[in-house]
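Naming follows writing order (A, B and C), and every chain is counted from residue 1.
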């Protein structure tokens, strides 16, 4: 029953902020999509199916998929351990989980190169055993794992904290064993949060550049990802190619965000 | 009059929250706005405070027109159901807020805050934060904060609604005592008739955004003007006229209400404590009935009776009279109505019958 | 936190074996992914001795790069703090047509790759861009100059303040403001004395995230700064170019400093918040 503000101040505030949003965000987006589709559908498809572009996109998806596969499990496990157990170093781990959000992406790449790169001891050992990480696709996955580690953890933790212990206790009194309790009682409450975190991580991975560019080696048809391809095309003056691949990557990221929004509006997942 | 509202109306979309409401609150009194949820009582309070604008109608505070006055200049103290304490301020800072806005001098503020802390019995708590207090203490702070700038009127929106029942009872006794000391004109909103009875000098009973009836609580209880007020102010049996006609006459003659020509839609109301139980007809009109259920509630006993025509009747009597009569479930007894109210649906017309 | 974990210890624990296996696995992963790389970076940075570390960090180019980063961060943070605060009020307190859409659009920069963000800005504000050609005609250069860096940084950090302030503002509600008004406080007084202090942690957190992200933004800046040798470098560009031009020692040193600033910022923020909350909530809740 709150008063709905219609005072001049409110209207001015609304006008200013919406204009800001329009100039800062909407206009650039519209510009990209418009310019990308202007040359026509044939040109769009041709630029997209260009073998170099196509490979870069495939590599981006493949690495992103591998990353979310690993992160959804490890992220959930991390959240579980942080919420449910007491152990030495818990405070440190809790603080460090957010580190990937704080560390600049270029620095992330450099960190991984410093440890796993060919000029480090560990990297040299890996290389000589045919397990090279840096400047190879596994390096890309590693960088993506790093930058998107907090997503699943931070999305699962609050849900885990809010679960009423009585639910699990009730299952226990009904004779359920621990694994059954997790599968039948805990997981059904948890999965929307896991999915949310995973989708955000995937969306982030589609666009990741700074860390990947440091560890990937930038070899076309081998280790060049979508965003790297876009950058290369900009550098070499081929804007159309850059815009087409950009539009596809952006469209997918947006679809994921919109889908997540729809998921969060569903009654059983709403808090 | 400290508060006068005239012909207030307010719509939210298609919902008529307040519908032509007028009433007055005499200076120094504690008046309750009583009604079920959705009856518009909180909206009326917020309109008086200026937190909500009425679509039509006027508000007068201490004789001056306040209809178009901004909240800040109305001089009202407002207490919210969920306290609305400033969480980032200590208790002292909370109470001092209104005084600082008035640009009082520091020693003056200090003195006044101490005075209020003493009044609400929280002297030792000045430097605590709201989250460190219990619900009852928080509401007392909210009250002190509202009283600090010496408001013309105090408005309380379900002030005890968020508290558990024991604290609520303590706090309302305390509020009544406080009001007897401070005598600031107060208007408070509640949906709890018990609370309204215990605390207020006057009641304004609201239903669907309209005033049903006003008056002192006990007077309203005894002289309800409508079925709504009768039902809202306490448990009551609702009987059809035919049922009343089945009453067995006593030596003292027929009950006067069973007359031909009455509308069949008229309803008869009898409160559970206005029914008397006897073992045999003792000269007064009575229904024969059977005790279906007997529930002991400490000092009181509740009987559920069935009359011959199948009507259920709730009766309340003291433990002593129950023992005297040696009542038990399944037994037959006679029941006499001592006081009945008949509402005629055709007209807003009440007849009161005492036997 | 520890109270809730002990409460749970009873309810769910199957066997200590599972528990310690899980903890061990998570720690191991943590070490491989985060801890050891961070240590390796620090070691590499100081492998030539503290002297050469200091030398690398205090070189004129490095200083200029950090100076530019600070300036860009400052402007972008001011812009997005004002916008974020204002827009949070619009989203929480106002009703208007298209509000859900506007709410979604704020998040858009999260979904956009930094490289694509840079490209979009070049398309609009570049020399031949939609708006850029008019600005350029006025003799002002946006992209390939420092305003472009500010623009790119602002774009990628648009959502942070809004996202942190909206939930706090929503939870804060209207009661306290209404009380302040009945006590005689006007619009500004209410905002400064009641509303702002109540949402300060959300706001501070949003600002901190904005600052941290601004300091570390790279991809978008790489695009809008153009392909110029010896271009005006921010700290991240300095690091990147250092690696590209085979001066890794300066890149490593600058990395440590930049990461250090971001981490200290976040940890400081978190510590301060815990301290204040402990003060305001020391007995209950």
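In this text, contacts are C-beta pairs under 8 Å (C-beta built on N, C-alpha and C of every residue); 3 or more make two chains touch, one makes a residue touch a chain.
Because the structure is predicted, anything quoted here is derived from the model rather than measured.
A.B. asks: What pair of chains is linked by the most C-beta contacts?
C.D. replies: Contact tally peaks for the chain pair A-C.
A.B. asks: Give the label of the chain whose average Cα location is farthest from that of chain C.
C.D. replies: Checked the centroid distances; the maximum from chain C is B.
A.B. asks: Using CA atom averages as chain centres, what separation in Å is found between chain A and chain B?
C.D. replies: 57
A.B. asks: How many angstrom lie between the centres of chain A and chain C, each centre taken as the mean Cα position?
C.D. replies: Each chain's C-alpha centroid was found; their separation is 16 Å.
A.B. asks: Can you tell me which residues of chain B touch two or more of the remaining chains?
C.D. replies: 51
A.B. asks: Would you pull the chain A residues touching chain C in the complex into a rising list?
C.D. replies: 2, 4-5, 9-10, 13-14, 16-18, 20-21, 24-29, 31-32, 35, 74, 77-78, 80-81, 83-87, 89, 93, 95-96, 98-107, 110-112, 114-116, 120, 142, 145-146, 149, 161, 165, 168-169, 172, 177-179, 181-182, 186, 203-204, 206-210, 213-214, 226-228, 230-231, 234-235, 239, 242-243, 246, 249-250, 253-254, 256-258, 261
A.B. asks: Touching residues of chain C toward chain A in the complex: what are they?
C.D. replies: 1-2, 4-9, 11-14, 18-19, 22-23, 25-27, 29-30, 33-41, 43-44, 83, 86-87, 89-90, 93-96, 102, 104-124, 129-131, 154-155, 158, 174, 187, 209, 212, 215-219, 222-223, 227, 235-236, 239-240, 243, 251-252, 255, 258-259, 262-263, 265-267, 270
A.B. asks: Over in the complex, which chain B residues touch chain C? Could you list them?
C.D. replies: Going by the criterion above, the answer is residues 49-51, 70-74, 76-78, 80, 82, 84-89, 97-98, 101-102, 128-129, 131-132, 142, 145-146, 148-149.
A.B. asks: Can you check the complex and tell me which residues of chain C touch chain B?
C.D. replies: Its residues touching chain B are 175-176, 178-186, 189, 193-194, 197-198, 200, 279-285.
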